[in-house]
Amino acid sequence: MPDLEKVLPELAAEMAARSDRGEVASYIPQLRKVDPLKFGIAVVTNDGLILTAGDADEAFSIQSVSKVFTLTQALGEVGDRLWKRVGREPSGDPFNSIVQLEHEHGIPRNPFINAGAIVISDVMLAGHQPRETIGEIVRFIRFLSDDESIAIDPAVAASERATGFRNFALANYMKSFGNLVHAPDLVLGVYFHHCAIAMSCRQLALAGRFLANNGYHPATGHSVISPQRNRRILSLMLTCGHYDGSGDFAFRVGIPGKSGVGGGILGIVPGVASLAVWSPGLNENGNSKLGSIALEMLAREMNWSIFSR
Amino acid sequence: MPDLEKVLPELAAEMAARSDRGEVASYIPQLRKVDPLKFGIAVVTNDGLILTAGDADEAFSIQSVSKVFTLTQALGEVGDRLWKRVGREPSGDPFNSIVQLEHEHGIPRNPFINAGAIVISDVMLAGHQPRETIGEIVRFIRFLSDDESIAIDPAVAASERATGFRNFALANYMKSFGNLVHAPDLVLGVYFHHCAIAMSCRQLALAGRFLANNGYHPATGHSVISPQRNRRILSLMLTCGHYDGSGDFAFRVGIPGKSGVGGGILGIVPGVASLAVWSPGLNENGNSKLGSIALEMLAREMNWSIFSR
Amino acid sequence: MPDLEKVLPELAAEMAARSDRGEVASYIPQLRKVDPLKFGIAVVTNDGLILTAGDADEAFSIQSVSKVFTLTQALGEVGDRLWKRVGREPSGDPFNSIVQLEHEHGIPRNPFINAGAIVISDVMLAGHQPRETIGEIVRFIRFLSDDESIAIDPAVAASERATGFRNFALANYMKSFGNLVHAPDLVLGVYFHHCAIAMSCRQLALAGRFLANNGYHPATGHSVISPQRNRRILSLMLTCGHYDGSGDFAFRVGIPGKSGVGGGILGIVPGVASLAVWSPGLNENGNSKLGSIALEMLAREMNWSIFSR
Amino acid sequence: MPDLEKVLPELAAEMAARSDRGEVASYIPQLRKVDPLKFGIAVVTNDGLILTAGDADEAFSIQSVSKVFTLTQALGEVGDRLWKRVGREPSGDPFNSIVQLEHEHGIPRNPFINAGAIVISDVMLAGHQPRETIGEIVRFIRFLSDDESIAIDPAVAASERATGFRNFALANYMKSFGNLVHAPDLVLGVYFHHCAIAMSCRQLALAGRFLANNGYHPATGHSVISPQRNRRILSLMLTCGHYDGSGDFAFRVGIPGKSGVGGGILGIVPGVASLAVWSPGLNENGNSKLGSIALEMLAREMNWSIFSR
């Protein structure tokens, strides 16, 4: 294995020098304010090494990256019954497409597009107040990262609620097909809040450790999720983790990942390491432009593709 | 590693006992005649072991499995220019959908749906007569399998030409967008013939060895394709190899694979083995029903998922 | 002209005898309670004759028929600027389809599908409270019918609000494209209320008089709308007035009409008469089954098609 | 009625002065050669008056206008059984869309989009050689126009066959659903030839007389088609005659019409007159730009809308 301690700072330096950084997400007003020049990366290996470079300790809005954690929790709560309400196929459509829902009668194609994650919020609401469910999600992520300082950015959550008409459309549309149990407004309360969680690359890479480790939490030795379920979540990250750019990310980078419109990506090298990268500018599919490039270079350099060994 | 020599016959016996075998493809008249009770499996490990069970030496129509080989050849001929004419994303639509082509102006989503493979036939025709291109494909597969007896079944090729109106529609449609260089009739001549190649599980698993071996042909030590390109083909097999059931196959089986409506599946465990399975009955996505189940059981038993190590 | 006074009762008798009456709309709980055996018809000729048969004086929920009146009002308020926000083409999709909105960036295809009528409610809200706009609509219809007793059924309006998730989806979706000015909740307040107006066939036929009369209100001689605009509204009724059954209604009946899921249809014979029919059972396109048949028979009997003269 | 003899030359002069004439169709190479400055118009009234202005005696390629005549013939041959294979609804899609066919299993939405007219060619082939069917169509149009000089332009027919990949796609696609009886190649032979018929405005207006006259051929007094069927064809012209601009044409012009990409439009004023106009430049929906405008002005001037009387 090449020397990660040398590779990471070089990578951060190379990214700092690039000018074509994509566009910062503008549809959530609060996200527009982020400095497009930021770049951070963190790697946590399965044997406990933590390496970072760039702005790796600055918190950003994890947005859809949070869907990996809520999926894990929902599977823990209802098990494979979940798959009656959410599919497991790549969507072939933009992240917020509603067309697919019309053709498939309100069943979202997978848990990582917006509609699918909204169903998961609905699942997690069962028997709870939104406030309780939101608290549960934050506690789970704090536990995974072993960091009690992780919190929701209330300004981002409010901004999403005020402007998230597309998500209101998706939720009401699924409700009309009977695929939401709770009121759309309550479900979206949960959804907007978990998307508004703020984390640094370091915290995010720490939170992803169990995924790199067959479902075991290395700090405590506890099983977060069974090895089989862990593999399946990684498979969904690979096939669906980057919206309609998932095939391209798998082709170029070759590891399971999940991106968010805040510019973060969580990447998992099974058996080896959990990675987090952050650069706010997005490519045409809504994934971090420099983040994707950095992970592609890093995976190549370290020979981390899951398609060779 | 559990004992493959014990696992394979048990698997074949279990499959022989199952009654719900799916439906044999009926839209190509010649395929309808195949005995639905057939089941074969072959494993060729990277260290040269060859193991088979069931009807592993009976030739069947490989159909879309051939697209892995033509993609490999076309990339060898034109390199990454290919990706201007074919996408790399899962389709979210049935294998023969034409809707996607209208929305994306004649560019097929990936090389493994029919439209994408037809473009690849067009690429391979450049400077050749159809007969020459077909010959080149057969010779390549014979070389990979190290078996000169592999041949096209002319009755299947004729049957496909006589009834393949949907493929004529796809080809003419792409031609109307300028994404075919040659006449649709000539291009489909190549396409129908490579789909009509007949191979046994043993031959198919042998042909797939380079994919399990970073692009090297173990028998000759020659590089068939660069390691990077090999990883990328495997990535496409994982995300797009089973039509609109690709996500589900990745979720359940966890290895790159490519299926055909003849009931065959080629599966690759990177660094470990090349697998071929055959059972003619198909599931609702057009993939071998028992073949998918057998690979799921085998991959679980042998711990072969690329999502854990 | 055959003798209307003889034709109408015969028609009502024939309709009373039919057993295949379609299905009463079930998606608005309040509408489900209506007696499927009801049938009423009213004709108001341009020379002032009023003829009725069957349950012509029983009020029913006019639902989408109200869209003819709100379109008339909105055109009066903002004129042809309206067409920047709503199209004028038949939709080729069910009445509540959201697919079309995704493809055309939030611009509904015409003012008679749900999405288009919701935009019109938004237009009418400008500078008003929902309560004021609703009042304006009711007053306009009372004026047209010359009947102060016409009112909204509050139970129907509440029922639509409680279950109208699909309409909430449409409104939020258009809002996300910037094609609603006001909050979806307020806009739908207007929409649900005008759909919940209850009228009898007699009242509805009276309200339609101006449309049969080049835009002039025969009772007062006032111009409700210019002759050109009147022709254009009739043209939209013909091409878009029956959702995805508009072509078939034009083919069979040959006069402009507008249906509602309450089972009412307003039909206009330009220069001759305004017609209203009511039978609660719907055909597969969501239009009154017996109502369509009755208008087809009446138009043929009276030679009222606009495609011959 | 205003003085047509004065109105027509004024209209032609006004059109000659306009500079924004749209784009001449380029996808059929032979049509590209036409002079974009051409403009012709002809009116044949039901009482026998023939008036023309501009290039009204110059032949142009009638293209899709021919579909009115083949529909008339096919209905004469198989009657209402035709409607099992072709719908009667506006399409909401461009004239050569294939998406709709996938959603509706090979049944075209109406007889005036390409797919629908191809089915009609298939219907007319029953029991005939393509050459015979083509001859029958030409003879029917010669009879209607009372002009034996009308003929097919073989260069246009050949040009369409050489470049009509989209139509080959449509035909093969419908064949795959079983909605073509004959080989796509033969069916398209008929289709390309009837689209390549060349007629002048005068000839076209003469051919349309029966449609303005309840189905009677005024020259011979023969019934070409029953009055009911005549009304129904006019209804289809109104709702579907201008592809995805049909609603707009009905809105603006208010009479049934059928356009072709050669720049011709046949318009019918029921009970009054048959009109033909020609200007080669097309608007964004593929309909003659100046032709549509001229008919709009003429219909307004003469008060010919079917939506007022």
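Side notes on the structure shown:
As written, the chains take the letters A, B, C and D, and residue 1 is the first residue of each chain.
To be clear about the criterion, a residue touches a chain if its C-beta (ideal position, glycine included) is under 8 Å from a C-beta of that chain, and two chains touch if they have at least 3 such contacts.
Being a predicted model, the structure only gives us computed values, none of them experimental.
Common neighbours of chain A and chain C under the contact rule above are absent. Comparing the CA-atom centres of all chains against that of chain D, the greatest distance is found for A. Annotation: 47 Å between the Cα-based centres of chain B and chain D. For the pair chain A and chain D, the distance between C-alpha centroids works out to 55 Å.
Centroids built from CA atoms put chain D at 32 Å from chain C.
Of all residues in chain A, none touches 2 or more other chains.
Of all possible chain pairs, those that touch are A-B, A-C, B-D, C-D. Of all residues in chain C, those touching chain D in their complex are 87-93, 100, 109-110, 214, 227-228, 230-232, 234-236, 238-240, 244-248, 250-251, 254, 256, 270-272, 300, 305-309. Those residues of chain A whose C-beta lies close enough to touch chain C in the complex are 97-99, 101-103, 165-166, 168-170, 172-173, 175-176, 184.
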